[in-house]
Amino acid sequence: MKIGTVTGSVWATRKANCLMGQTFLLIDTGCGELVAADQVGAGKGDRVLLATGTVASRYCMDAPIDAAVVAILDQEGTHVRT
Amino acid sequence: MKIGTVTGSVWATRKANCLMGQTFLLIDTGCGELVAADQVGAGKGDRVLLATGTVASRYCMDAPIDAAVVAILDQEGTHVRT
Amino acid sequence: MKIGTVTGSVWATRKANCLMGQTFLLIDTGCGELVAADQVGAGKGDRVLLATGTVASRYCMDAPIDAAVVAILDQEGTHVRT
Amino acid sequence: MKIGTVTGSVWATRKANCLMGQTFLLIDTGCGELVAADQVGAGKGDRVLLATGTVASRYCMDAPIDAAVVAILDQEGTHVRT
Amino acid sequence: MKIGTVTGSVWATRKANCLMGQTFLLIDTGCGELVAADQVGAGKGDRVLLATGTVASRYCMDAPIDAAVVAILDQEGTHVRT
């Protein structure tokens, strides 16, 4: 799963009907920008975890979406199992 | 999801029967060109949102299509939640 | 969907049984070479449209194939809606 | 399947409900970092085998996950069939 | 589909139960190394054809595998239809 930072959002008046009501965020992944649907409630500056592909569509009720925010990261630490 | 700009369209007389009636647009994604089916009605110069993979096929009635225009962007602004 | 040019074909005597009878073409996509199953009848030099992933497999009767030629392009022109 | 090395883990309080109870590891794949769910029990420094895409989601009970650790490598040797 | 050359194999004692009995080969694809399950019987030095993604999983009885060897190439020649 990719990690990215929310940089803004995009708006589309003309779109597939099945996308009505979805929020689309602009995400900077460090190696390019992509758009992801958001149902978690991320805002600008949040570092988020993305699911892509069919997985994202299924998460968004089978809408034609191939990237979705599934989590907002607390921090990126290091966890060593002991 | 990728954002791209419509640069033209492609035509194919010889093709899979299940592609009959589909419109295929050339899309410049900033890092390469691809072809996407369009059922939203995008035209040259439009900035569009693309769904790729199985998601695109399902949106296009299970045709052998792996990229589809699902929205035409109004603008790319920044939306800060308050 | 990717556009590529057919540069030749590949042959495999030892293969998954479910690949029997499939034609595999070498395709130059401009950024690397890949192999795609062909049921449209493309030949060397043809510019073709490729479907990839599960979409290609489904088009090829669920064979373990992740790229397929689905159309032979007539030309790459520009189509402006008026 | 990609090979990567576990470099740490990520934590998210706000996330999709269906991700509750999953462990997410940071993985260095040599050409970038990604996050993968872990049900095998990998720890920092382990070299792991990753499954990606819908395959990973299915392995994780259809959660919105597109990368999962499916094995911890013993060693990377060379095996010649004789 | 990608073409690659078998360079060795990998071993994992700790792994998902559903991977028991699978052979995993290291494959050099020319632009990076990956691991693929092999049920065709490829050995070191063989040039092989790979299926990736859900397609590979389905070929391997729905195991959490996203790359599989599906053919061993005889030769890479050029085939012109006449």
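Lettered A, B, C, D and E in written order, each chain numbered from 1.
In this section, a residue touches a chain if its C-beta (ideal position, glycine included) is under 8 Å from a C-beta of that chain, and two chains touch if they have at least 3 such contacts.
Just so you know, these numbers come straight off a predicted model, no measurement behind them.
Asker: Which chains make contact with chain C and with chain E at once?
Answerer: Output, common partners of chain C and chain E: nil, no chain qualifies.
Asker: For the two copies chain B and chain A, is the contact made of the same residues on each side, with over half of the numbers shared, or of different residues?
Answerer: Different, since most residue numbers here occur in only one copy.
Asker: In whole angstrom, how far does the Cα centroid of chain B sit from the Cα centroid of chain E?
Answerer: Roughly 31 Å separates the two chain centres.
Asker: Find the geometric centre of each of chain A and chain D from their Cα atoms only, then give the gap between the two centres in Å, rounded to an integer.
Answerer: Comparing mean C-alpha positions, chain D is 19 Å from chain A.
Asker: Give me the residues of chain A that touch two or more other chains.
Answerer: Residue numbers touching two or more other chains: 41, 53-54, 56.
Asker: Given the touch rule defined above, the chains close into a ring; going from chain A first to chain D, what order do they follow?
Answerer: Read from chain A toward chain D, the cyclic arrangement is A, D, E, C, B.
Asker: Could you list, by residue number, the parts of chain A that touch chain D in their complex?
Answerer: 1-3, 31, 39-41, 49, 51-56, 58-59, 68, 70-81
Asker: Contact residues on chain B for chain C in the complex?
Answerer: Chain B residues touching chain C: 7-16, 18-19, 24, 26, 32-37, 41, 43-44, 53-54, 56-57, 62, 64-67.
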